[in-house]
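Please find one structure pasted underneath; my questions will follow.
Should a chain be cited, it is by its letter among A, B, C and D, assigned in written order, with residues numbered from 1 in that chain.
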Amino acid sequence: MIALLLVLIPLIGGGLTLFLPRPALARPVALNVALISLIAVLLGLCQFTQAANWSYDAEWIQPIGARFSLKGDVLAKWMSLLSSIGAVLSILGSWNTDRKLPARFYGLLLWMQAGMSIVFLASDAFLFYFGWELALIPAYFLSSIWGGEKRIAVTIKFFIYTFVGSVLMLIGLIYLQQLTPDGSFQWQAFRNLELTESKQIWLFWLFFLAFAIKVPLFPFHTWQPDAYEQAPTPITLLLSGVMVKMGVVAMIRWLLPILGIGAFIWSDVVICLAVVGILYASLIAIRQDDLKRLIAYSSIAHMGLTVAALFSLTGFSNNSNVVLHYHHIGFQGVMLQLFSHGVNIMGMWLLADRIESRFGTRKLSELGGLARTAPTFTIFFVIIALANIALPLTNAFPGEFLQFNAIFHAQSSYRIVFLVFSGLGVILSAIYTLNMIRRIFFGETNSATENGLRLTTAETLALSLVVMVVLVFGIYPQAALNFTNDFSWEYVKSIDITRFLAK
Amino acid sequence: MPINYYLFLSLALFSIGMVGVLTRRNAIIIFMCIELMLNAVNLLLVAFSKMHHLKNLATSATAGADGQLFVFFIMVVAAAEVSVGLAIIVMMYRNIHSVDIQFLNRLKH
Amino acid sequence: MNVTPYIFWFLSVLALFSALMMVTSRNPVYSVLWLIGTFFAISGHYILLNAQFLAVVNIIVYAGAIMVLFLFVIMLMNLNRETEPQKNRWLKFIGALAGGCLLLVLVAALKDAELKSQQAMVGGGSIGLIKVLGKELFTRYVVPFEISSLLFLSAMIGAAVIGKKETSQTLNS
Amino acid sequence: MAMLSFPNIAYLIPLLPLLGFLVNGLLRNHLSHRAIALIGSGVMALAFGISLLVFYNIPAGAPTILTAFDFIRIGELQIPFAFQLDALSSLFLLIITGIGFLIHVYSSAYMHEESASHYGRYFAYLNLFVFSMLLLVMGANYVILFIGWEGVGLCSYLLIGYWFRNTAYSQAANKAFVMNRIGDLAFLIAIFWLIARTGSVSFTDLPMAIGTAGQSAKLSSLDITGITLLLFIGATGKSAQIPLYTWLPDAMAGPTPVSALIHAATMVTAGIYMIARSNLLYTAAPLVLTIIAIIGVATALLAATIALRQNDIKKVLAYSTVSQLGFMFLALGSGAYVAAVFHVMTHAFFKALLFLGSGSVIHAMSGEQDIRKMGGLKKSLPITYWTFLIGCVAIAGIFPFSGFFSKDAILLSAFLKSPIFYVIALFTALLTAFYMFRLFFLTFGGSFRGTEEQRHHLHESPAAMTIPLVVLAILSIVGGWVGIPEVWIHGGDRLVAFLSPVIPVSSGHEISHATEYILMGLSTGLVLLSILFAWNKYKQYRAEESESPFARLLENKWYVDELYQAAIVQPLHKLGGWIRSVFEPKVADGAIQGIGRSVRYLSQQFRLIQNGQTGNYALWMVIGIVVILSVQFFLRK
């Protein structure tokens, strides 16, 4: 029931918002819808935890064997929590920004959330694909109608780029469906396929490309900085906070358990790409003058680390508990970091949006001295920015710590190289983040920043929420780790490809 | 005569007509080439009609007459086609003072 | 001695040669004349095949009426060697090549056809006579025959309309 | 009241500064200067009191572990948020809270001219700094230590860049943080390595990892070498050793008490602490110990030479810190962990004293830091003068000042390691004495060389600043008496005994008493000569010092900063710029755009086929027929 609600609330709420008679109502209605779905998630996490509450299955498109089946495992619950927080933050953060056609804007935003919920919850591949596109299309319209001055070209690039990936994935999905005995799209049916190595080797890329573009992984990332820069910030927030997580979640759910051998064979390549991406994006970020692009590149670097850690978990354990134990540790890091990075990057976007809307510029060179004129804002910014570079006692530290640990234990002959180079990202991230802080907040004020910046109640609320999550999971990460612990253990056992070797 | 001979003769004529269509730019010549191709087909039809006649002489006295009638109808249609076609060409000549099909590229737009 | 093959070969060579000359002549008037030559050769074939009616009609309708019409139009437009538009050599070459390929493919496809051994009846048979054809035409083919008259009517009107409309437009402009 | 008794009361030690941080940080706009200073210093005083309590209650033998909660627990990997109380940590607790408290008191007067909100910010940072450092020394495993480790880096960043309107200062802050992070990366990798091999990061599991009598070792010698080397690289970042030392002199950008805090009580000693804490591992890695000794002595020498020709009062002290840290690493590398810790302690006393003294001078000189423009301050700043002198004597290592004992212990251990180390270290000690007294004579001796305005303004600092000076001066004198060499009084080295639960007493080679006396006499005599030389040279300062190329080389710090700039920073910047403006748009994005463009180009070309020429259409038609017929007749057979 909860699972279905999580899809239906934003879907129906979005529909309602789209056709509201009075535009002024759009914001409060959308916020309420987002809050209701947040409450639904929380209820589902605390009260209705039974599996029955989190699964739903119905006939859908019978001729092709697609079913409307939702299943909320821990990963889905975890990401649903993130996406509902994201929706709330996105609406709260833009509370004081007036836009044209607000009803359309918030309606589409909620539909986007519905799409993402489907992606996280779907246990039917076709439904998953459906949600994947459902999230993309509103994002396209939101960016191309309400975006920046170069929005049209950029959103077309964004759309076509991600769509090419989706189509490849669709081909892969259909191929797999043809192989299943009963023509089913169910996750379990795919899982039972146990494909041969030669098939997995090429099938892997069909799926991986789609997910890698979404994440985005170097060198498939070039849509991302442009799209983040041009999209309206609440959308950027959802894109980078939640939507790019879809890529990783998809890898976790649809790639590693189903095409485990393929993933293992290609893991060196993937980790290599991810590590190169970390350094590449960090180096660009160091020389970046545009605040939004800087954050975008930092996001590429951080997601690169997550992907590298995730693919370090592939391989075979020969049923050795020690290996599984280290994979378990690494996967816990991935799970934690998925959430932490989502929250942190959303916080960063809230702050960037505030700067842009207040001073009309995103150029670091045109800012400066804000620490004196806007001290409260500075504190929020510094905390969230430092969380973004994984300072201890912020939420990203345990996540990155465990992820690095995963890379250290990768079943690859290059693991030390990977570890060291991805570790260099830690240093580079410090460089660009501190530079960003310095150029925005330190130094002398100029005519633009002279008058400072005041946070409204809604913004303070949103930022406080972020900072709270940062500190709670930073000081007591075990809370999150406990939540995902059993799931992680089962998961790392399930992606172990020893079962193939036995044959 | 072996039917093959007629067949290849017709094909040769037809192909010559086709080459004419492809290599010339004068609308009238192209038109004439089409006439040639029609005639090639006609010749073949007549040859086949006689072939059928020879084959089915025992059962039917008029076997193969259909083929010759088709030729007759083709001529009818060809005559009509020529009248309309030439009218169009004349009109074209009046408009652009040329019968060069190179100028007939309105389909491009 | 049977002269039929000689006549056949003579007529075939004449037809092909005339057709080639028709296609290659620079001067449209020559083209028309060569085409008439081809038609005569084809008519000769008809006679050889004892299709008397068609032979006569071919001469009258094609070589007579239609080609005269062409000739008129060409002369009316004063087309000659100098005004003849030419395609560039490459296009000509490609066109010829394409046509040649077509011939090649068709010949290659049909040379082993099972009707290789069939004969066309030469010099005999009555179906080519006007009497037989007329009977057929006015019994089994009477409806198409009548319809073809409609076709003629519409062609006539069409030709007239096209010609007339143009004059009115020219006048207007 | 179980909470308020030993050992649970130890929780309060880090919590109190944290509380001070929160109160001062959040309410800084609503509190007066007085309240802020009271809260900031008060929590430190309380923390110091509790540290004393803890210090005297430390049971000999096994350490006391306080586990607050699970920080990370996944399967068998357990990283509790736990504190470890033993001799080593309690000693550091005393140093940190004690000197920290004095610095807080000093700051309350030094920073008084700041507006209330900045004053509050300053004390909040200071408290946070102390909190991080306490976390570092109390942590019961490497991860908690690492949290404090990075926390200290953060706080130094905040404090160095405290005057954030000055861009150069905030750049210095960035530099400090980034250089620290380079070391931190190595530290992290060492932790992963440790986890991979032993599955634990707790200090109490270290003996098990190396292997005790009953158990085989979990770490191979390669593992130990690797881990210790990486940890040492981490320490070079935090403790300013070659090659990562250049941030420390730049860190002078912060307010002077902050420099005192960074250099004396916290931060830079973290590396020493960490290696002393891991002494079991290091003892098992002789190769790494030698590397440490080499790096240590090289740093000591390099920094001392640079300090010879610095004219900024704080820069001299900064390079002297780097040099002294080099001494400590030399001690560590010689296996004399206790000597290193001993020197940390005495150095904390006299370096804090010197920094606070220099702060007092700067305060009096209205912010002037160039010693060439000072001179003759003895009359106007008597307390500062005398305490500063004590500090200089202590750092030079004259009997019976504290520096003598610790430096002597280090020189002795260096001698035992290798006479070459001893010679270089001795030479460095001479240089130390020389540049410290150059500083001293230039500042206080001779006649005043500043402006007339500054002369009027000259005044002795308020009591809140002088009292810490006096207290530190006393400590600088007596602080060394806990480690009197065995040759003088049997059992005089009480520090060794105290630390023996953590740092096993090595039964290393003994040397004859005579040799030891000779070494002591040699060093003391040479140091005295060196001071005399300095007195001779600088009692009357001549404006122009001889400008030999070598002097310029020293003045420019061997051009190491420039070297780093040219060899690392600039190439990175260039690479970043190239990627951003060439590779990203042209290649990475260009490939994608290229696909788009080629599709567009191809469709342009294909569009030309549709050119309206009926002739062409016919041609295509024929070609199509040919193809279809070919397929039909020839290919389908």
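Throughout what follows, contacts are C-beta pairs under 8 Å (C-beta built on N, C-alpha and C of every residue); 3 or more make two chains touch, one makes a residue touch a chain.
Given the structure is predicted, the values throughout are model-derived calculations rather than measurements.
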- Message: Per the definition of touch at the top, where is the C-beta contact count highest among chain pairs?
- Response: B-C
- Message: Need the CA-centroid distance for the pair chain A / chain D, whole Å please.
- Response: 37
- Item | Separation of chain A from chain C, taking each centre as the mean of its C-alpha atoms, in whole Å | 74
- Query: In angstrom, rounded to a whole number, how far apart do the mean CA points of chain B and chain C lie?
  - Reply: 5
- Item | Rounded Å distance between chain C and chain D, as computed from the means of their C-alpha atoms | 103
- Message: Using the touch definition from the top, which residues of chain B touch two or more other chains?
- Response: 18, 21-22, 25, 102
- Item | Overlap residues in chain A, where contacts from two or more other chains coincide | none
- Query: Which parts of chain C, given as residue numbers and ranges, touch two or more other chains?
  - Reply: 87, 91, 94-95, 98-99, 102, 106
- Query: Can you list every touching chain pair?
  - Reply: A-D, B-C, B-D, C-D
- Task: Under the touch definition given earlier, write down the residues of chain C that touch chain D in their complex.
- Result: 87, 91, 94-95, 98-99, 101-102, 105-106, 108-109
- Partner chain D, residues of chain A touching it in the complex: 157, 160-161, 218-219, 221-223, 280, 283-284, 286-288, 325-326, 328-329, 332, 369, 371-372, 375, 386, 391-393, 397-398, 401-402, 404-405, 408-409, 419-420, 423-424, 426-427, 430-431, 434-435, 438, 441-444, 476-478, 481, 485, 488-489
- For chain B, which residues are in contact with chain C within the complex? 1-9, 11-13, 15-26, 28-29, 31-33, 35-36, 39, 42-43, 46-51, 53-55, 57, 61-66, 68-69, 71-73, 75-84, 86-91, 93-95, 98-100, 102
- Message: Can you tell me which positions in chain B touch chain D when the two form their complex?
- Response: 18, 21-22, 25, 101-102, 104-109
- Message: Quick check on the complex: what are the chain D residues that touch chain A?
- Response: 69-77, 117, 143, 146-147, 149-151, 154, 157, 161, 164-167, 170-171, 173-174, 177-178, 181-182, 184-185, 188-189, 192-193, 195-196, 572-573, 575-577, 579-581, 584, 588-589, 591-592, 596
